[in-house]
Every structure is written in structure tokens, then in C-alpha cells.
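In the two assemblies presented below, chain A is common to both, partnered first by chain B and then by chain C.
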Partner chain A sequence: MAKSLYENYKNFPKTDCGYCGNTSCITMLRRFCSGELPLSECIYFRAGLYNVNEFSCSPPVPRGTQKPSISYIRPCPTDADRISVEVSLLPPEGSKYGYFDMITLDNIFNHAVPGLRISPSLGIARLESEWGDVMGFSEGRVLIRRASNESSAFWQLSRFVRSLWAAVS
Partner chain B sequence: MPVPGRICPRSGSPAVECAATCCAGECYAFSPPDSLFAEKLGFWGKPLAYAPPQMPPSFEAASSFDMVVATRNRLFSITPETEHGTAVRYLKDASLMLFMGRALQGILKSGSKDLIPCYEGVLRGKVDEDRTARLEEIISDLRKALPEKGSAEVQAQRMKGVFSLHMASKLRECT
Partner chain C sequence: MLDTESIRKDFPFLRQGCIYLDSTATSLTPEPVLNKMLEYYREYRANIERGIYKAAQIATDAFEGARAEIARLINAKPEEIILVRNTSEGINLVASGQGLKKGDRVVTTILEHHSNFIVWLRARKRVGAEVKVVMSDGEGFLDLSDFERAINGRTRLVAVTHTSNVLGVRPPVKEIVKMAHDKGALVLVDGAQSVPHTKVDVKALGCDFLAFSGHKMCGPTGAGALYIREDLQEKIEPLCIGGGTIEDVGIDHYRLRQGPSRYEAGTPAIAEVIGMGAAASYLMEIGMPNIAAHDASLTKKVLEGLQEVPSLTLYGPKDPRKRAGIFSFNLGRFHPHDLAVALDAAAGVMVRSGHHCALPLHKHILKLDSGTVRASVYLYNTEQDVEVLLSALSEISKTML
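The block that comes next holds the complex of A and B.
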């Protein structure tokens, strides 16, 4: 049965050696999942240290034709004095890989930033702060709740997505 | 070379790794992720100026320097007030640190002492096209040698050292 990208990644070599020509193991795995490269490109599989049959994943679904947009700006349902904002940041049309690579983020931030939690299995990053809670999803949707006003909401959104810029793929 | 607005043939790599493969930085991964709502951001004060990263002075010093923390700090230097060109420089600095950290691990784990002068050259920021070409040769030789079960781990670690140094060396040429 096909496993998720993250399930496959957990059992991957994770050496990031570049033998396969990719800048990291996650890139190799994504390209394997999308049918671009066979696992035999990897040094460990080639040497027989890993078994190709233990890895399987469904090809990613290319995103449709929707455009990046500000989805809404509205009062919080639980506190009308505060506001919620949601934006959709999208990779180019036809991209197969989503927007934020949460596995890379997890590798870099690795529970080391107070308030920032990343779940590569769910594809979510969340930053809690006194200025509002921001959540980002791997497909590019980002939302803030409990912001004190619109300009603070957009500043926090900007701070958050710029910190995750490294994982835009 | 990626075409603006199109998917890069290397797509699938996160921006922090793409930065090393593309000098031009025209890829969508190099436009600020907040450009969609840029006009909603109210700024006060001046845009923040670029501050160069602190790099360890030698291979020995690098061995006790936490490149992961340095990478993370560089990424957190990109704030809403950081102007686009400076932000891309920070992203490239983070990329350099990421690859230098990986190179160090690969060199140490494979015992590839021959790569230390090269590592120190990249640390000091020296641009050296011969070095990049030499690293490419080593990469190509390593790929030609068929990996065997007993030696694959050391080969992979040496490859990690050389490949990551090559990425870092290219980054030095780009910035």
C-alpha cells in the first residue's frame, strides 16, 4: 500500500550526500514519488543496503488553476475585537510539490524555536505568540487568529512566512 | 537555469537548497512569500541593512561551531522590514551554512582530510573556480565507482563532504 511522503522519509537514508544528484534526500524522495527518478539513483539502494520494495508512495496531485489570494479578513468568531486573516500562497500552476516543505522545516528548526511547532506528518507549522496564532499548511494556506488589528495581522503573517521562506519549494 | 514563473527543473528542492544551484535567483522560490499582501504591510523606520554572517575562521573552529543554529538564526534575520535583495542574501547565507554544516559532517565521518584546505577556502569566502572544477571531478569519480555494501557508508559520507562543499563553493561565486 502507498505510504505518505513522510512515512517513506522516516525510513530513508537521510544522509543528504548528493550522490543521486539531488540537493537532499527529501528532494530525491519527492522525485521518486512523482515518477521522475528511480530509487536506484541513491547510493544506499545501489549498494543493496536499502530495499526498493519497502518504499512506495502515490504520485502527488498537481495543483489546479486557482490563484494566490487573500481568502478572508474577518472578526474572530470567539472575540469580535480581534481579527482572523487567511491567505493562499500558491506555487506555480502545475507544481506537484506544494508550497512549504515541512520536512525541511522540521530538519532545520527541530523544536528549537519557542512557540514554533512543526508537524511534517500533518504538513502544518504553527507559531503561537501574544500577537496572534499563525498556522501554515504545506499546500500554501496560511492563517492568523486573534490578531489585534489588520496591520498587526499582516505583519505577523509576513514575519511567519518569511521565516519559512527556506522551505518554499 | 529556471525560467521565471515556470517550475524549475530542479523543483522539489526547498529554496534554501535551490539557492546554491541557481545564481540568478529568478525562480519563484526567491520572490518573498509575502509579496501577495505586500501593500498591506505598513512599515515604520528604515529597511534593515545587510549584516554579514559570522563564520568560524578554520576547519578546527568549525568543528565546534553549530551550523544548524547559525542557519536558523540567519533565516530568522529575514523580517518583514528586510528589503528583498537583503532577504535573498540572508537566504543564500543560510544555504551556505547549511551546506558547510553538511560538508563538515561528511568530511569528519569519512576521514577525508584532503578536503580540509578546500573547506577552509570556502570558509574564508575565497572565490576559486579551479576549486569548483576540482570538486566536480571528484564528484564524477565518486559516481563512477560502483558502491559496495561494506564501503557505501564511507563513500556516501565522502560524497556528502564533496557535494556540499561544491554547493557552498558555487554559492561563494554567486554572492
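The block that comes next holds the complex of A and C.
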């Protein structure tokens, strides 16, 4: 059975050595999952330290629309007087393996922004603030929760995305 | 034991590789059930109880056959099964049909789903019925002595869940039934979370009403059942009347039929009821004790695993023997919705988040404003599903808190 990206990543070398020509192991894995690269590109697999057969991956399932879009969820499922906004950003042309490179993001910010947490292994960034929470996913989706109104949601979105754009795949 | 691998092949939804841990909200539907419903639309698409042509007779037989299978699932007679849309409609039928009046008492519990709670508050508002809510302890356990005090001579009904949809606790319904009957009160059991997972025998339980939904037991949405003990049917007014419910109609009178059809006005959800009957057969063929044993084995694994995840707060009993396969929890300061989204995005794990239609329980017992994340297991879940959930939670805990 094909495993999720995260399940595969758990057992991956995770050295981010760059010998395969990718910025990080997660990028290498994404390109493997999208059928762009074989695992033999990785020196650890070539050296027989990892078994190719233990890794199987289907291309990431598109979640929601793949076109750039914005949708408002009113009311926010838990807070009736607030709204949630989901934004899908346009993946770079030709990219099959995501939008934000969370490894690079983690290296840049490394807990430097209060309330910002980045999980390279899960491909998620989350910013917790008093104005609501924002989550970004490596495939280019951004979710703004519990914003008080649309303009507040936009403000949070621009603030968050400006940070994440530091490391577009 | 269950052959989970072969069972999983029956569920087309699982073929996309997702991990479905939200069967408490709604279960997946297997091919035999889907096929049975399609067969109706393709081969004998006619109304029931009306036409005398062959297709109409086949449809009627299939519909009544489904009623018999649903009855067999809970050891009732087919005449005791009222086909409704879902558990909520079944409970509403009892609430409105019982003829509650000012001063009558209804006893319910803090564990209830809104469907078995707000109907009683509405009865208080509409007719002045008195509603007594039995509280639980922090883990969701109810004290029988509280029922002893709550049920008095004016109590018409005790409405209690068979399994909490948040904490997984199973109230001592058999003892509650005995206590209520001793004081002349009837008992309505919300079986939405118990009937799909374990052998429920209404005769052994002794309850007067049992409501449950098809969509939580591998059936389609839009079909559910209400068991009404045979000798009570004359005393409960239908929620709706109309076509199919009458024996005779004149210009200034009408007389309702006997039996379940007096409650089933208009053309019912025929395909869905046939599907629910097929789901009952599917579950019985696998064996309810086998399903219960499979749930119990996964429950043990989930409980042990969740307690090892750093910063995770698990609600409800920690002893796997005292709960069903329903697990509500929170992780650090992560909002339940954000955690559910993270599990979906990172590991393809589908879980429910929020209040699970049980606000009074969250407010008064769990003291949580934002709700919880809820994972739940069923016959198609595997140990591997549980491992992915646990490892994704550990990874979130490690990297995102």
C-alpha cells in the first residue's frame, strides 16, 4: 500500500546533504512521490544503507481546488462570530511537489518568530496569534482560522505569506 | 477474529489510501450495501405498498425485508421497527408523540448528544415539562443513586445514551431501565453509537424505545430506525401523518393504521432503507461479537498509545474495558480544528473536531470552550491506522508545540 509523504519521511535519511541536487530530503522525497526522481539519486540509497522497497508513495492527493482561490467559511465552525478563510496559492510552473519548502523555512526562522512553529517533517507551519491562527501547508494551502472579519484575515494572510515566501520550492 | 484485510476490500472509500477515524460521525459504506441500493434503482424502481404490478411488489418485499433484518439486528419484531430518517428523528418522534404535559418529568443525562437533549428542553418550553439532568463524574461515569433520586412518581420518561459519542463511556442502561420501570417511567435509549458496534438486544435490555441511524452502521445516510415496544404503539402519536398511515378517511374523520406504517407518512427513503437492511445483514454476517472484539483490541492500543504522546490530554476512562472505541483528546494549546487539519494534511488521517454535538458535556464536565479532537475506530480500521495516528500526533507534539 502506498504510504503518505509523512510516513515515508519518518524513515528517510533526513540529512539534507544536498548531494542529490535538491535543497532538502523532503524535496527529494516529494519529487520521488511525483515520479520525477528515483530514490537511487540519493547517495544513502545507492550505498545500500536504505532499502528502496520500503518506500512507496503516491503523488500527493490534491486537497481542494488546485487553481489559485480563496474561500470563506462562515461562520467559523467553532466561533460563530468569526470566520475562517482558506487560500490556495498557485504552485510554481512545472512544480509537482509543493509550494513551500518547510526545511528551508525552518532553517531561516528556527523559532525566531514568536508564535511561529514549523514542522519540516509534517510540511506544516503554524502561526498562533491573538488575532487568530494561521496554518500553511507545503502544497501551497493557507488556512486562517477565527479571524474577526475579512480585512483582518487578509492582514494575517499577507503577514504570514510574506514569511513563507522566503522559501518557495 | 475479523479478517480486516478482506473487509477493507469491501469499502471503496478506503482505496484512496486515507485513514478514516471518524466512524462515530458517520461510517463508510461497503460494496454489498451500495449494490443493493443500485439494484433497486436499476431493476425494480417502484413505490412501495401501493402498486400491484410486479416491480411494486418486489420493492415492497425488499423494503419489508430490510425492516425484518433491522429488527433481527436488535432482536425485535419487524412490527416494532419504525423506519425514520435517523436517530434524531426517532427521538423527536417519541418526544412529540408521548403527550408530555405540564409537571411531567423527563430524566436525561449530561452525556447526551444534542439530539437527545434539546428535544427535552423544548418540551419544557412548550408544555412545561420538568427536565432533570443527571450529571457524570469527570470521566463520564454516571452514579445510579443519582437516577434513584432523579426518577420520581411524576417521571414519564428516562432518555439516556447507550454509549457516549464523546467519551465512549457506556452508562448502566439495564439497571436504569429496571429502576425507571419500578417507578412507572418509560426508557428511551439513544443507540446511535452502540447498535453499530456491539450486539444490542432490546428484550434483554428491557428498554421501551431505541433509536439508531443507518449511516453509522455501514448503511447510507437518510435511513434510521426507532424501536417502539409493540404494546406502546397505540400510546405514541405519529410525528407526521398522511399517505400510507391511514386505515380509513372520511370527510370529517380519519383512522390511523396499526403497526409501524401509522408512523411512516409519505413515500419513504426506499433505496436507503433497503441499504440499511443490507448493512444490518452485512454486520450480522461478520458477527457483532467479532466486531466488538475487534473494536476492543484497537481501543486498547489507542488508549495505551495516546497516553504516551507528550502534552496530550485524553478525556474519559483510561480503562479500555470501560469504554467504546471513541477517543476525545487535546494536544497542548493546539486548537482542535487546527489539530484535525494538521492530521489530515500531514498523514491523511480523518478525525472530527469541535463539540461533537455535546455542548453541555463540554461546558459542564470537561470545562472546554473549544471542544476536542475525536478519533474513533470501526471494523475496517487496522493496527496500522492506529500507529499512523499515534506517530503523527507524536510528531506534531514534538515539532509544533
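Note that the second predicted complex is superposed on the first by the 92 of 169 C-alpha atoms of A that agree within 3 Å, B and C clash if a C-alpha of one lies under 4 Å from a C-alpha of the other, contacts with A are read in each partner's own complex, and residues count from 1 in each chain.
Operating definition for what follows: contacts are C-beta pairs under 8 Å (C-beta built on N, C-alpha and C of every residue); 3 or more make two chains touch, one makes a residue touch a chain.
Predicted, not measured: the structure shown is a model, and the values here were computed from it.
Looking at the superposition, the partner that touches the larger set of chain A residues, chain B or chain C, turns out to be B. In the superposition on chain A, A:43 makes contact with chain B only, while chain C stays out of contact range. Shared-chain residue A:12: touches no atom of chain B or chain C.
Contacts of A:87 after superposition on the shared chain: chain B is touched, whereas chain C is not.
By the touch criterion defined above, A:154 reaches chain B but does not reach chain C. Using the contact criterion defined above for the overlaid structures, shared-chain residue A:55 touches neither chain B nor chain C, since it reaches no partner.
Shared-chain residue A:108: touches chain B; no touch with chain C. Look at A:165: by the touch rule set out above, it reaches chain B but stays clear of chain C. Overlap of the chain B and chain C interfaces on chain A: none, as no residue is touched by both. Those residues of chain A lying in contact with chain C across their complex are 1-2, 4, 6-7, 10, 58, 61, 63, 77-78, 117-124, 126, 128, 133, 135, 137, 139, 141, 143, 145-146.
Put simply, chain C touches chain A in their complex at residues 16-18, 333, 335-338, 341-342, 344-348, 354-355, 370-371, 388, 391-392, 395-396, 399-401. For chain B in complex with chain A, the residues that touch the partner chain are 5-7, 10-18, 20-21, 28-29, 32-34, 36-37, 40-42, 68-69, 71-72, 75-76, 78-80, 82, 87, 91, 94, 98, 102, 106, 139, 142-143, 146-149, 152-153, 155-157, 159-160, 162-164, 166-167.
The touching residues of chain A, counted against chain B in their complex, run 13, 15-19, 22-24, 26-27, 30-31, 34, 43-44, 46-49, 68-70, 87, 89, 91-92, 94-97, 99, 101, 104, 108-110, 112-113, 150-151, 154-155, 157-159, 161-169.
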